[in-house]
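The two complexes that follow have subunit A in common; it is paired with subunit B in the first and with subunit C in the second.
Let's look at the complex of A and B:
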């Protein structure tokens, strides 16, 4: 709020031209990097911890806009362990979706670019022979191997190795990812035909029907239907079925229930929980609803203005929140048990302008606990338990970490 | 109502129900009830009395314009609201909350029932008569982004209704607006700024200030915080509560978020597919929800405490289309307690304890 008085936000012609010039140069360089041809070795990597399926480290994803560079994701690090649900919460615009879109490499260029950092993902894929065909393992299946990719460094032409196949995404508005002119069956079959070597039409159809049953839909009713003929809840199920058809190891669910009603939301969340166990995979769950996080997640990542400000297990974040924003967020939410004669706790003010971030803690203008130190450098990540990290000067005295 | 079960010529009960006869009987009974209720004297204390409000939208017409099929978006809702009170309306999307709010303001012409505002029956007021009333009833929308004109400054937006309705003499308009902005937590230099320069929370404050600029008695808040972040929601809810105390406003607060509704409301109406299935004071509804849908709705709210694993009442299936609602009790396709009778006979809306209404055969 402090800056609202100044003239920031109004740019002179000269400033605009300078921004455009430096943007153009950066975008050109990054586009060339994305479109390069390179040997696999350039984007193969190693997991820091073998129990993780995804490790995002120091990710920077920027948008080069006419007003300046929007640092939508500005040094984000978090891990997704095997067979777990990791929940990401935070104010709208804090970079939750941009982080997950970076993992899928769906950031729209040339304005949007992954500028720095790594996204290590452990894939499990078919070993291919010289002709690109899978090699039978002699057991009726095919030979598989685990590989660790750094998705951030992958050229776009290689992304098909993971996108939709190893990592699948469920969006908030299912209509955007279902094609209105094809039937549900056609769209589901397509996924199998694309990702399963040697699949015939018949196999694909059987697989699609299995997937529909898995998400609680009777295939006969829906296989030949078009997306617009289904209700919102049904479409969301179909989306989940589609995401599952490729047997991904990681499902990214971006606000999967925000467009739905609570009773339908409860059904879909149950379904996700169920499916995670069935496919033995992990879920990265993005939502603004703390209740959904509390019910679903094993680990929680709290983001604020493009950075992770706190992360830990679900119990740590809910029972022992450390960052003033996390504490405030939990107190601001009216709950079913809250005494309603009191005033709701509220965090004053707004998120700072993403183009013009301060050099100190981004939460300082809204923080009721700030000390002298907070006007200094941006706080580093402090480890307060083996699994609990917080970026706030109040904890600088505790065991400092990297 | 089990006695409407069909009997055959010999007087023995037959298996099954005569749906047409049941519906005819139900309609006749309701017509009589409506006629009786709508002739009652107005409650002089109430700001708003809604009696059997109904709103249908035509779906199919013949070439001559005769409506052959209609969608009943709001079917028979009734309540009273006193100054300083908030009625919370909850329900799933598409259940008719917005339509009800708009019909009360006569932004939709009601298809049936009666709306008594400030001691006057406004149901059949024409637009000229409504103009006199408008300033006393205002609305705040869900989307603070599209509900403000982009080309006008905040000052302009807030001054216009004050000038049109001659709330204060012309030379005092600016001072009046600045005072109002202060009340709503808007800084004075915003006066010269444009809506696009503000965040969602600030825009919602502008919308609130605009609604209150004409000193209304009633404000319909249609999902006013749904588009906002949790930390901003709390600011807006507190602001609405503060302004209500200061100005003795009556609110109709529409939301699908039960915890928000609980926090702000005095009375609560639960809607399902156009009907109000339960109505009562907040204490009634939260202490002892009686309708199976209300119970399911409450148990579906995710609990922000990871140590509590909730025992949910699980609803199967999807929300039926309001264009083709189920017969009998409209909730029977998803109700875990549904009986044979529920599939055929619409339950009556009964007053279970004083002021607590429930429409369910089992209650």
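Let's look at the complex of A and C:
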């Protein structure tokens, strides 16, 4: 970590070498941990609440850069209950995408590493016989069992159990997220061939065509097309079809509409809404668009500078925001009733430097409701209702009450 | 596609016309005179040469018409007229038609270059991929340093070191030439004898050329590995091996295959310096001797031959692009 420096922004050669040395050591240790071989028992876990499908607890994901350690995700905890949509909001760089990438273990090593915490996921797997083949249940399907994995502790060689099959992801950039040299059909079939036991090319093709129809595409036109022949909205539909193909329990949608124009945005959101009703799973929706959250989410998690500062149901966050940052966010939404000459509210100031985080509340410098206490240590989570939590010193008394 | 090729070939003719003009005037401007060279060599052997004989030689080689610009232009047009009938004239130095001489020595150079190129790609591509997928690891550094040494070595230096070590010290391979003069080989043993003779030259060329190709593969692979669609492939649950060998490799291949077509002229041009070091009768060696002698028809013919190959190579590269990259459409 960079020390307090008088000539801010510049590091001496000595400091750079010290950073490089400690980074190399940490990265080596974490890479070895990622690539280790271990029995399944080492990453099996238990859910804290059986109604949840995903529990992220005290997750720390750091980037070991040449300027120092960037604590992109610094002690994040939130749950995704079964059959729900959880929206994660926050401004750019607050760690919302890094959290979701951590769930998929897609953080680019060796610089990016999950350092601490657990990601418990309830997975639904085929029961395998001695030869590693799934056992039919005599009802056309296969016998399934639920297992809870701690994804953060899983070695990389086991991660294919989760990716695609249990958790699927829809990315922010549909224009570049499809491989340009393979047809849409080839890329879709791959998912089925990979995850469905006994799938043949023919079965995979039928499944892919079904998925394309589900997302509102006529498969005849698109199955043999290359990605560059489709528009951005079409490509995002293909990405959604691809995510759905293996019938995952959790879909992570990382700003699925950010790169699309407004009319297509609405279509894609409707589609996600539709799909949420069709599949028996949950959606983790990451966005910085509060409108999208209001429309889609059941629960909302507000992140700021790598930490969760408030979480609750969508009604609680929108009607009774508690954290000054959330209040600011709500105020900075444009509304139709705004007078012509009223300027749109913005939260003053900037996010602190991620390498050099203060020990007090990260929002202190930008906060209009600061008290003396705010210069003290970072506020803990305060429960203001059974489902509503906030990390702010303003509500410290409420814990004392109950 | 066919229309595109025809259009490109039409352009190619224009390009070649321009190239021929430049080659012709540059060659005529060369401060080397074949007749003067010849006269000097005769004189040094003790004989006297009178002016009448010199004039007769200039006349015989067609080098008299040097007086005015019009004469030179006339010479170009004559040469061009022969060229379209695939007649490159008769070599001053070798005394046989240039086309015949090129055809005679092209094979040796081509075989050496072809084998070297195959090995170059077979070694450099896996090295580049492994360096890219293990970026900043010990493996990456070792591979990078070794190939950088390869790039930095001049071919005459490295060739001579290999020759000294493998041929003279260890005696495993013959140091010079293409065949063993003392033995009479035929059939398979003749091929084996050729193989023993070209081993060190090929090794030299391969070691020196791996570096650039490996760096190219590494850079491409790194770019591809950081792209969004690789992240998508990983998110699907594909094993890392499949992600690299299928999704990433197919994209890395695009510039590699394209560069392969661009290698066409270098397959036929011969390795001038390497052929000198190992005294191989390849086209590069022959061309250098012709150049030193001031053999105008051969120099012109050889350079035109390379120009034609370059133009075809560029066209092939474009066609390859359309084959390996579905985003590219030729029209």
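Definition applied: the second predicted complex is superposed on the first by the 392 of 402 C-alpha atoms of A that agree within 3 Å, B and C clash if a C-alpha of one lies under 4 Å from a C-alpha of the other, contacts with A are read in each partner's own complex, and residues count from 1 in each chain.
The rule is short, and it goes like this: a contact is a pair of C-beta atoms (placed from the backbone, for glycine too) under 8 Å apart; a residue touches a chain by one contact, two chains touch by 3 or more.
Just so we're clear, the structure is a prediction, and the values are computed from it rather than from any experiment.
K.L.:
Just to be sure I read the superposition right, which of the two partners does A:177 touch: subunit B = first, subunit C = second, or both, or neither?
P.N.:
Only subunit C; A:177 stays clear of subunit B.
K.L.:
For A:328, decide between first (touching subunit B), second (touching subunit C), both and neither.
P.N.:
first
K.L.:
Check the contacts made with subunit A and report whether subunit B or subunit C touches more of its residues.
P.N.:
After superposing on chain A, more of subunit A is contacted by B.
K.L.:
With the two complexes superposed on chain A, say which partner A:292 touches: subunit B (first), subunit C (second), both, or neither.
P.N.:
First partner only, subunit B.
K.L.:
Pick one for A:212: touches subunit B only (first), subunit C only (second), both, or neither.
P.N.:
A:212 contacts neither subunit B nor subunit C.
K.L.:
May I ask you to decide whether A:160 touches subunit B, subunit C, both, or neither, giving the answer as first, second, both or neither?
P.N.:
second
K.L.:
Could you say whether A:271 touches subunit B, subunit C, both of them, or neither, answering first, second, both or neither?
P.N.:
The answer is neither, since A:271 touches no partner chain.
K.L.:
Once the structures are superposed on A, label A:308 by its partner contacts, choosing first (subunit B), second (subunit C), both or neither.
P.N.:
neither
K.L.:
Taking the complex as given, what residues does subunit A use to touch subunit C?
P.N.:
Checking each residue of subunit A against subunit C gives 104, 106, 108, 110, 156, 160, 162-165, 168-169, 171, 173, 176-182, 190-191, 194-195, 226, 228, 239, 242, 246.
K.L.:
Spell out the residues on subunit B that touch subunit A in their complex, using ranges where they run on.
P.N.:
Spelled out, the residues of subunit B in touch with subunit A are 92-93, 187, 189, 197, 199-202, 229-235, 237-238, 241, 256, 258-260, 262-264, 282, 286, 296-298, 300-307, 310, 312, 314-315, 318-319, 334.
K.L.:
Provide the residue numbers of subunit A that touch subunit B in the complex, in ascending order.
P.N.:
Within the complex, subunit A touches subunit B at residues 4-5, 9, 91-92, 231, 233-234, 261-267, 269-270, 288-295, 297, 314-315, 318-319, 328-330, 332-336, 338, 340, 343-348, 350-351.
K.L.:
Help me check something: in the complex, which residues belonging to subunit C touch subunit A?
P.N.:
136, 226-229, 231-240, 247, 250-251, 254, 324-327
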